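Just passing along the structure, written as structure tokens.
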Amino acid sequence: MRDPGPVSVNALAGSIPDGARLALPADYGGVAMAATFALIRRGARRLRLFGVPTSGLQTDLLIGAGAVETLETAGMALGESGVGPRFRDALRAGGLVVRDSTCPAQHAALQAGEKGIPFLPLRGILGTDLLAGRQDWPVIRNPLAGEADPDPIVLIPAVRPDVALFHAALADAAGNVWIGLRRELATLAHAARRTLVTVEALHPGNLLEDPLMAPGTLPHLYVAQVAVAPGGSWPLAFGESHPADDGALARYSEAAKTDDGFAAILAEWLR
Amino acid sequence: MRERDVTKSAFLAAVLARCIAGSGSVAVGSNSPIPAAAALLAEHKAAGRLTVFILGSPRHNPFTDGGREMFDFAAQGRLDSFFLGGGEIDGTGDINLLRTGDHRFPGCYGAPYLMALVPNIVLFREEHSRRVLVPRVDFVSARGSGPEGAYRTGGPKSLVTGRAVFRFTDGGFTLVSCHPGETVETIRAETGFDFAVAADPRPTEGPTDEDLQLLQGPIASALAPLYPRFTARLLRGSHA
Amino acid sequence: MRDPGPVSVNALAGSIPDGARLALPADYGGVAMAATFALIRRGARRLRLFGVPTSGLQTDLLIGAGAVETLETAGMALGESGVGPRFRDALRAGGLVVRDSTCPAQHAALQAGEKGIPFLPLRGILGTDLLAGRQDWPVIRNPLAGEADPDPIVLIPAVRPDVALFHAALADAAGNVWIGLRRELATLAHAARRTLVTVEALHPGNLLEDPLMAPGTLPHLYVAQVAVAPGGSWPLAFGESHPADDGALARYSEAAKTDDGFAAILAEWLR
Amino acid sequence: MRERDVTKSAFLAAVLARCIAGSGSVAVGSNSPIPAAAALLAEHKAAGRLTVFILGSPRHNPFTDGGREMFDFAAQGRLDSFFLGGGEIDGTGDINLLRTGDHRFPGCYGAPYLMALVPNIVLFREEHSRRVLVPRVDFVSARGSGPEGAYRTGGPKSLVTGRAVFRFTDGGFTLVSCHPGETVETIRAETGFDFAVAADPRPTEGPTDEDLQLLQGPIASALAPLYPRFTARLLRGSHA
């Protein structure tokens, strides 16, 4: 059930409980950074992150802030700067549980969640050490294969995140959200139990009633809370209107190499 | 080479572009500036017969069904070419994108899947050393061939490094050309796995004048929003 | 590979070979009736129809014209008039092979085709006579279930139609097609080997480059041929602009009850 | 009933609307004009707390992910109510939507799936006769319960006919109310399966004045494009 009307970014972030399985888009896919700062401010703990399909700055920040217990993702990098420094540090220190995955498996897990089915089969991956590390990905013989054909195939279990959190362009008063081409966010919201969205702006009409907007709209049915946060993806890019703040990202990559540097830039960004 | 400002990146982009010539479609993953430049160069030269998808670039994205579409497209048999790198690459075409010892790479991304499904996989790693080109990868992120009995429509066709170009056939690499300044001997010294040598290994051809104009002009401009440091530092740099 | 530029409706229909597995939308989903008339005119035979997910007037016409060998569909009715008269007649006469299905299975089969996987599991259906009639739908024990839980689940094999044929609002010169909210047509086109589309009109710009149009656009990558056919869904509805011709549909339901009546109305419509 | 123009369709729509009261979401399949009217009536009375999906109606379609979304929505556990009919319905709640002898019905549509997944399935068939309400269906399109061991979150909760309303519990039907003019005896005479009778079977309540105004006004208008003959002939007709 949706709360009526938009809420504050703090209220939205505050509704994410400690221990939640939290699904987050890739750095190019509409990241709710303003809400992430709010989540860190409130001292979130033991989050189990799920990358859709990969992870970046947002996850590195959450790890550095001590908010993350597990991370399941297909990749973890800060753009051209490579592996996130806080992620790398947490791996060295131990305590962070990482479940390495691959992009199509992350998508397939959410599609299975969306369809209410226990798993989705997926080609490829066979014979890799990635698969060897995933005891939760069974390999079965394709029941449709010919008798002489072993045809092993990987099954990806469904994932239904407790919370999905992302940033989008527009929401209307009914709670419909315009995601445009970012359809993985629709799959994600379908699969998730609760979907929280920050948006650049409110749309005056009903998005579903506009034939040009409706095809890029996630219906209110799946949206638990909306908060308005203009520029809410900073310092990450959002669409063509909000390019990445390359200076801020470069500063982060450098600063976060040390505990003190990370603490300083985090304090600055949380102000 | 004539007296031109050919950066190493431009040289490699031109080499990679030739590895996907004839493709109808090519996709480029994240953090892959030189392959992205190569794909755009190939697109220019294919005169509309090549569809280029560059992950993260809104202008080079022909897909409208979200993040999964490129992977589904590949499994449908519609994606001809893809570039893959590797923290380690071994002589069987296996690649490691995850970790060696306690060193962590960014992760496997789509490799474990695309390597098995895309017919023309171009392996690319600029660093050509025994640290990268190893006898056996520490962690198999994606397999160059097999495993036996598995459904498979894809695999590596070539390997391009900062020193040479290899062809991949029958589960192993064959050196087909050495970049300027390299010889079969220097390549062998820097390569940790065994490889065959083509009957007629030649110097690798660099970019044509037209290639260079395209790479330093419209292609650098197109990639600047996605790879600002790469385009600033490398593609337009004045030292090869 | 796409043919350059739009073709004629006759050329488009002519590219569907006899014996093709031909996937067609439901009566409300953008039916290429003008192309269907052209297909009947050219005397198509042995088509294997696949309903996305159900079938109606178009399929009844093709059956009546002797063009259909098999029909796989979740339902077959002419709106308020019930079961199609030519379909009913063909069942009585014998010779038409019907593979009865259910809507979510039709969608799942195409999703599996789209994903290049051999099957998709689906909940429900168990214990029905529908399932008993589908030897091609294996039931397996869910490999992810607990040891004590039998948890049987149906597997729906992938379908990759030879040809998909539908009607849409707009296409551009590059072959991109605006399908709006009819996203099952995107899944269908992804799964199909060749997709043929009739459209109301040509769009002057590039649909993928317009941020408002792109989310409802099927990319040219999947589109083999486009033909312009204004009103090309007649007598079926298309969007709000083209309501169904209820008079024509009622006349068909009545006339097609007899061989002679069908022959007469078909001759009239093919003119 | 007072002296009003209550068509049978309006009466049944009001009864069906009560069967889905309290739902947060209801979907209506194709060729289901009376359930569609019922869903819209329930929507009016729920004052925005009920989401209605009517297949084929662009104005009552909250979905944007194509034909599969409603089925996925149901499997996610988000669809509370759905209406199902049946060429035959038997005392175990099994329904036949496909064929009897050599008579063909339109087909199973979503029933084999939705019956197992939607918690509040409302069975509806206007014809109440031994031809329809049979001891055992000829063909099981969808099961009222089971099979043993199968994952199941849904099933029938009620059965509404042109004569009566039944509740479905523990794998069987209980008569809870008879429409005006019917008695337990007349119902039994026309029903081919055994059923229990509630301790206090009452006359079925018809539409309120407000219900009737809604059905004959805005709801009839809303359904006219989808069901022209139904709305013209039945909902606004002047004979009950």
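Here the chain labels run A, B, C and D in written order, and each chain numbers its own residues starting at 1.
The criterion applied here is as follows: a contact is a pair of C-beta atoms (placed from the backbone, for glycine too) under 8 Å apart; a residue touches a chain by one contact, two chains touch by 3 or more.
Chain identities (UniProt): A, B, C, D = CoA synthetase.
From a predicted model like this one, the values you see are computed outputs, not experimental measurements.
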Comparison of C-D and A-D (more C-beta pairs in contact): C-D
Chain at maximum distance from subunit B, centres defined as averaged CA atoms: D
Inter-chain centre distance, subunit A versus subunit C - centres from mean C-alpha coordinates, in Å: 36
Centre-of-Cα separation between subunit D and subunit A, whole angstrom: 40
For subunit A paired with subunit B, centre-to-centre distance based on mean C-alpha positions, whole Å: 28
Touching two or more other chains - residues of subunit B: 63-65, 75, 117
Where subunit A touches two or more other chains, by residue: 108, 115-117, 122-123, 151, 153, 181, 183, 186, 214-216
Chain pairs that touch, as defined at the top of this document: A-B, A-C, A-D, B-C, C-D
Subunit B - residues contacting subunit A, complex: 30-31, 33, 55-56, 58, 61, 63-68, 71, 75, 98, 102, 104-117, 139-143, 146-147, 149-151, 225, 227-230
Touch list for subunit A against partner subunit B, complex: 26, 28-29, 52-54, 73-77, 79-80, 82-83, 87-88, 91-92, 100-105, 107-108, 111, 122-131, 149-153, 181-187, 239-240, 243, 246
Residues of subunit C defined as touching subunit A within the complex: 108, 115-123, 138, 140, 142-145, 151, 153, 155, 157, 179-181, 183, 211-216
Subunit A - residues contacting subunit D, complex: 1, 113-117, 186, 190-191, 208, 214-221
List of subunit B residues in touch with subunit C within their complex: 24-25, 51, 62-65, 69, 72-78, 117
